[in-house]
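Two complexes follow with chain A in common, the first pairing it with chain B and the second with chain C.
Right, the complex of A and B next:
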């Protein structure tokens, strides 16, 4: 079973954040394949293309130029094709309004971006492990809500 | 009009499995716990087709002994949590090792190795899942749910819910309700 891996996608306009994110995943014991996109337009182009490999988890930064995370979230949740993708909001904001609003719009996970690498690794590991349980045990994804 | 259905996953899967076996004309005996004894050995082609049909239902034939045992641990836990005349008052470690006839230490190590999580954690995830279902069904109060799932108090359940999901039971309920509102 351990030769399995999880596909993960991140859309974030901040280059440092993308770098930390990929590095954190490299150090986790769960095997992952990470792809990153610089903004919402690139992300949605990929998701809507024929050759797209849909990830198990998509991490979305809320504030991105051209197309925001919120717009991506709405577009993705309006399309049945993407219903199996768990969507994690990955944001610097932790306002209750943003959290609840994105959950209502169909996000599964809300992560406040951690300030240090160690916490980042911990948070990503928690997300992937729990998502793995939903994925492998047929748990009801409609009820999957997690805030970290 | 709206109706709500309650389904027992175990019976659903068993029925699907049995029908598929019959349709594929594989002679068998159902042993329960996801175990099936095949009479003789069907051709590779038959087995391949059979596995393909099952995979449409998300049912997978597990091959190696380790995965089989882990699957049994999971089934036992799910049965323990979701069955109404549940065995939650028995210590789960004792119940698992007696039911599966292995030491708890062995089961716990094997489980963590294959699933990336611990047995304790898996039980908590399942209990919280069940809590979510019961909250959404709406005919039990949180206190009644806590009692049903053998929590010492409603506070204990709320804390574990918050710790596992990051949100409180009442915000969970509110969010799901708002989502449904949005879909109308």
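Right, the complex of A and C next:
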């Protein structure tokens, strides 16, 4: 772990979203190191590998080929090794079913992908600088879904 | 009712008959006794008469003897002694008879003894008087006293006989006195007894007739019931059967034969015959059920198919229950043709499956709308915002205008998609009713609209609401839609004022409520000072995609109020709109209590 910058990981199969994500962090004045993965299988392979550097925050898209975000969430929360990784669900939909399921499975926050770049930057900066200890203690279904 | 007749009436009739019988026996006994008394009385009359006759006869014999003796004394001719000798014999005969007649009468017997000794003495006196004549000693001074003694004895005999006759007469008179009362009272008593027994018999007869009449009417009712049962069997396609457990025989109702596709009572009901109609696939199972039925004397609901001779396959349902009548056990069963029911159920199931499929397709469509359509739109919007932020300076005026137009169109599309989603979610979401604090829900709605409210400086005044049984998130949606509607259609250069009032109302007092299901409703009235609308559109505005204004004047998708209506319908409530152009609009929401 490097104290100078925050490790952030995104798993999303959508190329455009990965681009927005990286660009947003580029423009933010926060010291971050961003890694992206094209789907759940790549993500889990990396997490389970020896040289893996576990991020502070993992942004997880739900709808991915091969291995969905939900499956990744299940696997990660089943393993004590990843208990310190904050998991932010990062999805186009905010259907109640998805919100409910991911909350129950132990995700820390639910972000609906914003419609414009400004909002995206604000959301990402809020999430990355969030005090996870404090947030997780008071977590409930109402503040789980991040409202813009 | 039938049981009552069976038990009560026969008992009454039995008792009546027994009493009547007893009365007749008593009457017979009384009549017998009276007749016996009567014959006793007549015996006594005969006896008295005979005694009198014999006594008179004895007296006359004695007189004959006396006359004969006197003749002998005067003439000394033994010819005159003949009546004397004869009378002795006759007196003896009469005496014997008298003794016989009076053997039960001690008084007369005693008198008779006295009389006997007097007669003996008199006869003795005759002998002695006669001896004077035989010896020609009539002149002797001893003769006169002897002769005089004879006269005295004769007088004593007369007196005795007189006494006896008098006694006999007395006896007769007494007896006749008794007999008189007997003769007077017995017929009255007998007549009374006969009257009573006639009354009883009549009463019993009346009861029997009445019972027969009611039996007749019961019979008629039964007959009617039988016919109506027949009809109902035909209408509802069922038949009855009876299994006489002791005899192991069966009876089928007419319609059961019809259900099997046969003429009523066209064959002898038997288990084997019935089984031959049963579908081969169901036969084994039904045979087992029947075996259980015979063991347990009960048939639970069983389903099976039969094949009619015409080849039609029908589905039957049977049920049976034991009944004990007068100690004879029977199993009463009903078999119904449930083919139609089964068919319509199958059809319904098919429809249901189809509906479910449709629903699934719809929700799949929802997902497409919510997720897949949103994604490209979101990217268009994000790229647009990137373009505006980064490349604005490199674009011509026209280019910038086009970009602005594209941004507008994209925003509008976003609105449409969001509202559509909301609408479909209102349709499909689980309807969980909770007792909710409506005041908090209103606060939630205000928070949802915080930006719009602060931008427009809208003033919202609300009553305090009681708790209501609602689907909370839907009511919040309803509130926020109505409030945002009022803010959206505000008049130019004025501050939107929205008031929300509450009233509890009785359904009958509100004419607007058509066929209300509940007696009381919560009435929430939203009033604003917006642009209002012509009242002819009051119903149209709730129709999906219906808009009263141009897109450019007011942003809106024509879905918001449809969602409101849907939500209120989900609560089995009512919503009405009322508008005055340039004055404002009123929305009335009725929710059942």
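In this text, the second predicted complex is superposed on the first by the 127 of 148 C-alpha atoms of A that agree within 3 Å, B and C clash if a C-alpha of one lies under 4 Å from a C-alpha of the other, contacts with A are read in each partner's own complex, and residues count from 1 in each chain.
Just so it is clear, a residue touches a chain if its C-beta (ideal position, glycine included) is under 8 Å from a C-beta of that chain, and two chains touch if they have at least 3 such contacts.
Since the structure is predicted, the reported quantities are computational estimates derived from the model, not experimental observations.
In the superposed model, A:120 lies in contact with chain C only, and not with chain B. In the superposition on chain A, A:49 makes contact with neither chain B nor chain C. A simple residue count on chain A separates chain B from chain C, and the partner touching more is B. Within the superposed three-chain model, A:95 lies in touch with chain C and out of touch with chain B [touch as defined at top]. Of the two partner chains, neither chain B nor chain C is touched by A:80. When the two structures are aligned on the shared chain, A:129 is found in touch with chain B, with no touch to chain C.
Look at A:16: by the touch rule set out above, it reaches chain C but stays clear of chain B. On the chain B side of its complex with chain A, the touching residues are 9, 58, 67, 74, 114-117, 122, 125, 129, 132-133, 136, 165-167, 171-172, 174-176, 178-179, 182. Contact residues on chain A toward chain B in their complex (touch as defined above): 1-2, 29-30, 100, 103-106, 110, 129-130, 132-133, 136-140, 142-143, 145-148. Against chain C, the residues of chain A that register as touching in their complex are 14, 16-17, 20, 63, 92-93, 95-96, 113-118, 120. Of all the residues in chain C, the ones that touch chain A in their complex are 367, 370-371, 374-375, 377-379, 381-386, 389, 414, 425, 429.
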